[in-house]
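Consider the two complexes below, in which chain A is the common component and chain B and chain C are the respective partners.
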Partner chain A sequence: MGDIPILQLNGLTKSFDDFTALHPMDLKVRDGEFLAIVGPSGCGKTTLIRLLVGMEDPSGGSIWLRGERIDEIPANKRPTCMVFQSLALFPHRSVGQNIEFPLKLRKTPPAARKERALELLALLRLPEEYYHKRIDQCSGGERQRVALARALAFDPEILFFDEPLSALDYRLRKTLEKELRDLHQRTGKTFVYITHSLEEAMVMSDRIAIMRAGRFEQIAPAAEIYARPTSSFVAEFMGEVNLFDLRDGSGDLLLTGAGNEFATRPGTLMIRPESLRILGPDENAEISMSAQVSAEYMLGSRMQYALSLPSGKAITAELLRENADGPKPGDSLRLGCAASACHLIPEG
Partner chain B sequence: MKGREHRLGMLYALPVAGFLALSFLAPILLVAAFSIMPQKVFTIFHMPDFSAYGEFLAQGYWRSVAWSLAMAFAATAILFVICWPLAFAMAKVFRGFTLVLTIGVVMTLFVSENIRLFGWVLTLMKGGLIEGHIRHWTGTGFDGLLYNVPVIVFGLVYVYLPFMLFPLAQGIAMVPDDARQAAFDLGASRWQILREIELPLAAPGIMVGCLLCFVLSAGAIAESKLLGGQAVIVIADEVETAFTYGQNWPLGAALAMVLIAIVGAIAIWGISKADLDAMIGRRR
Partner chain C sequence: MKPSRLSHILLVLYGLLILALLYLPLVSVGFASVSKARYLSFPIRRYSTDWYGKALESDTVRELLILSLKVAGLVTVISMVLGFFGALAFARYQWRFRKLYQKLILLPIFFPQTVLGLALLMWFNAIGIVPSWKTAVVAHLVWIAPIATLIIAIRAYSFDPALEEAARDMGASTGEILREVTIPLLMPGVISAGLFAFLLSWGNFPLSLFTTGADSTLPEWLYAKMVSGYSPLVPTVGMLSVAASALLLACALTIPWILRRVRS
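Right after this comes the complex of A and B.
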């Protein structure tokens, strides 16, 4: 394997009539990686995964699995499989029969099939009695595990997920996210996970690919995407952020010292709400601004403030809730941060 | 509360239950009573006499029953095979065209079965549409295509097509698309998807369609009389003859009872297998 990626896309495209769902896409997935593909609905991520598993034919480009071209192979001959958003369990089969389905297709002897199914039940922490249970007797979380077990019984090179957790309630989702992460580490398989929830992607994955309107915006580990987004779309997608367009001068910002560097390069300056702090009367920072508090929100350990700048621009700041007499709505104050805590997005 | 609702439900069901008993059960009981009536004695107050059933065995009437059942079975099997692709297309592929097709198939039911079969007689008979044209063009004719067993089966297939097509389409509509896609993704071939996913999940529709066609075909009479001539005598024909020309009511009733017993047993077995709840969407 070494340097051959397990999955590689070369200029993969997909158009429906006159609508281009996917612009030429390039991607390399490492063996054993957990890659999350994240994007808002309608960004083409479901189309992408349907191309990857073979349920749709690409309009152009190619898909390579361990150096072999697979985009012309039909889905039932590809060594990959997918956990559906609906799970797509077979309602007329028991839990055990669902899990054994891919093995039955390969004519595995019944005894070996059952043994493997029981192993998988154990791996997914389902009791052995579930082997004979009907699908409609299982809860949502149990069905997730059965669908996973069935996919693992197939023993795929890559396991794709099409938002399988999106229909579950918050707490169960959180539990299953961690289980999935754990399962990934125990099985050592390559997981490619599609979701619209960045939070989900950050908890589980090694790398995140952010998609927008049929293109990858950025592909990097979560920490890097958070600290150094390559576009304002990614920056905003990653959570609450303040963006300042510096192409027409510094505007509301007062730049000194290292902060001056940003003024000479055109782009968008990103300041995270938690990077901002309140400046004392004689205090200065490399980047500073004066602002008026318009609202405050309690976030538990921190307080979030909505503020407006002299130009009318609204920004957000988050401060630790250390002292009781923090700023109140209506107060005027000065905010600042270090140049090293900010990030300049070149494209603007 | 539950008990009261239960009692109310029973009460509401009473009129329909009474009507069904009167209109469905009573004629069968009457026929059953006729079948154990001594011959040429028109009274139902007498000692039971099973000689009509003896006659059924001795006179070879079982052959007519066998022909009826065999042709009904053949027609049902052929209907299933030809209707499956069409029903699949109606349920999953055609969009607006399904309505056109439905109207087209239902329209044929507006014309009486006998008139439609006479149409086929005119088409298939010697000197009819097909044979007449061929003789005109080639100079050599043949005996026409009527009066044999295959043409009776053809008639049954033709007449009962809607009774297979619509239940099948309904059954296939119950097969979730994602289950088919998931099976395909997990490595199933087209045949494996058909066997493992589509047939079991569409089973209620298949069962209803097959039962309707089988039961109707087993009791059919017009196809064998009009298209089949005297090629074979079906059991319904024998029943009619016994009641009319024969004036042997006990025999006719006994023949009818045998047919009812066989077909009823098959129907009850089929219904017990089919999940009618799923069919009308109470589950899933």
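Right after this comes the complex of A and C.
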């Protein structure tokens, strides 16, 4: 790709007194991309987004928007806009006045403002009557849509989101995630979305950037991060996983054929619970282990088993619930998987 | 649990007793103001509203009212402005001496007003200012502006700092944020602070006594007349003053209600 990224960070850092919130960060965001930045609380993702919109000044490095440096431009002069965690809708103004706020600041004539506000209400599937409603008459989901409409009225180059869905109940959140994905496709805008929920990030985004302690751990599409994490932190962050440290030898694992390759390249071996299957008495696999079932959990279409290996290490396996007589707690069995279904994390 | 019939009756009686204790003295002043006699005595033998007519015609009373209104009006406006910015510093912005400021601003409220008045008088003398109603405005402000600040700060605490950030993010300048977001949101607090400021200044005696110099406010005049030279004008003017306060309060309570009716 020869074209200039819409957003680029070069060695961006932020320190507060003696605490370094962000270590030098580099990032390129493509025009029209939906990028999710995910990390546990305290990882610095909120600090990062506040730097990007201009509410904090960086301690070092630079931010570029379409090849122009913006980190020295104040927040109110930047062509970006953010949907806040609290939404920050003005309680003293109607829905219509909220949406028109950025246009009013630009001295757009009232008639044109209203026309645009009504267009945006339609885009976000809110009835026209909502134009005159007060904010406190709107439900949580409707407020989300009003906040989005207001941000779109600003017509930003990049739309930032600071966990706006975190306060909603599960079902509404699921609906709005899909709507947001859909809105992204219809508007063609660049979205940068901060969240602590990986599930949310996977549903919506084109790429995910995983953050930990002020650094990006991995930036890649969700499928890539899931299958080939670059660190055990990412692997564990991406859901249930079994990790085997191969530096002290193969331990509980019996490696044969292609599996032997892992023994020669020590690192951390990742096996997802759904990659494991139960081996019959005469069956063999490239990677196999014997285990004892300690508990079973019903997951709907699948069953999850907690197992313990001879060394005492606890692992997790997930099997489809097809066969009625699956293993029961106390059973001893052998588990196996193909080497191609595993991933070696080449870290120290 | 639903209260029994007896306890319900007792509760009502208790409430009425409290109200009577609070308001009966005021009622007695009301009666005194419609007595025809030249001296304060109960029971009242002959009723008359003559003194109300005389009070309204009297130049002294008119001057008193104008002076008290001037003082209270100025104190109200200045404390609303000081209170607004003071409350932002108190509740909204993080700055180095905020904790100290929050404590210092409370001090004048807890200071005995007579001591505060005396201290201010000595101070005015020391720097060579002749006390008049203008120095009384300053004295009232020392006590009332912190109260106004606290009232507005309560409002300022309840508002989401992200609102101002969002306005800035959407392109608003500092002036536009103040005009479009901060002032409209704090307005209810500013208005109630103004109301309190007016009533506290209007009825204030100890600070005025020390700091008005040759001028006299209503409460001072009432006191002076009670001490020497009682005339039935005293309860009459007192009642007029109470009526003015009550009228202001009634306006403050009904105007928002009317506005809400008109809007919807």
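Following the convention adopted for this analysis, the second predicted complex is superposed on the first by the 345 of 348 C-alpha atoms of A that agree within 3 Å, B and C clash if a C-alpha of one lies under 4 Å from a C-alpha of the other, contacts with A are read in each partner's own complex, and residues count from 1 in each chain.
Just so it is clear, a residue touches a chain if its C-beta (ideal position, glycine included) is under 8 Å from a C-beta of that chain, and two chains touch if they have at least 3 such contacts.
None of these values were measured; they are calculated from a predicted model.
Asks: Using the superposition on chain A, decide if chain B and chain C clash or fit.
Replies: They clash: once the shared chain is superposed, the two partners overlap in space.
Asks: Is A:L12 in contact with chain B, with chain C, with both, or with neither (first, second, both, neither)?
Replies: The answer is neither, since A:L12 touches no partner chain.
Asks: So, does A:C138 touch the first partner chain B, the second partner chain C, both, or neither?
Replies: In the superposition, A:C138 contacts neither chain B nor chain C.
Asks: After the superposition on A, what does A:M204 contact: first (chain B), second (chain C), both or neither?
Replies: In the superposition, A:M204 touches no partner, neither chain B nor chain C.
Asks: Just to be sure I read the superposition right, which of the two partners does A:P102 touch: chain B = first, chain C = second, or both, or neither?
Replies: both
Asks: Once chain A of both complexes is superposed, is A:I271 in touch with chain B (first), chain C (second), both, or neither?
Replies: neither
Asks: Should A:L180 be classified as contacting the first partner (chain B), the second (chain C), both, or neither?
Replies: So A:L180 meets neither chain B nor chain C here.
Asks: Just to be sure I follow: which residues of chain A are touched by chain B in one complex and then by chain C in the other one?
Replies: Common to the two interfaces on chain A: residues 53-55, 75-77, 81-82, 84, 86, 88, 90-92, 101-102, 105-106, 150, 154.
Asks: Which residues of chain A touch chain C in their complex?
Replies: Going through chain A, the ones touching chain C are 53-55, 75-77, 80-82, 84-86, 88, 90-92, 101-102, 105-106, 150, 154.
Asks: For the complex, give me every residue of chain B touching chain A.
Replies: On the chain B side, the touching residues are 176, 178-179, 181-189, 192, 196-197, 200-201, 283-284.
Asks: For the complex, which residues does chain A have touching chain B?
Replies: 53-55, 74-77, 81-82, 84, 86, 88-92, 101-102, 104-106, 136, 150-151, 154
Asks: Which stretch or stretches of chain C touch chain A in the complex?
Replies: Against chain A, chain C makes touches at 160, 162-163, 165-173, 176, 180-181, 184-185.
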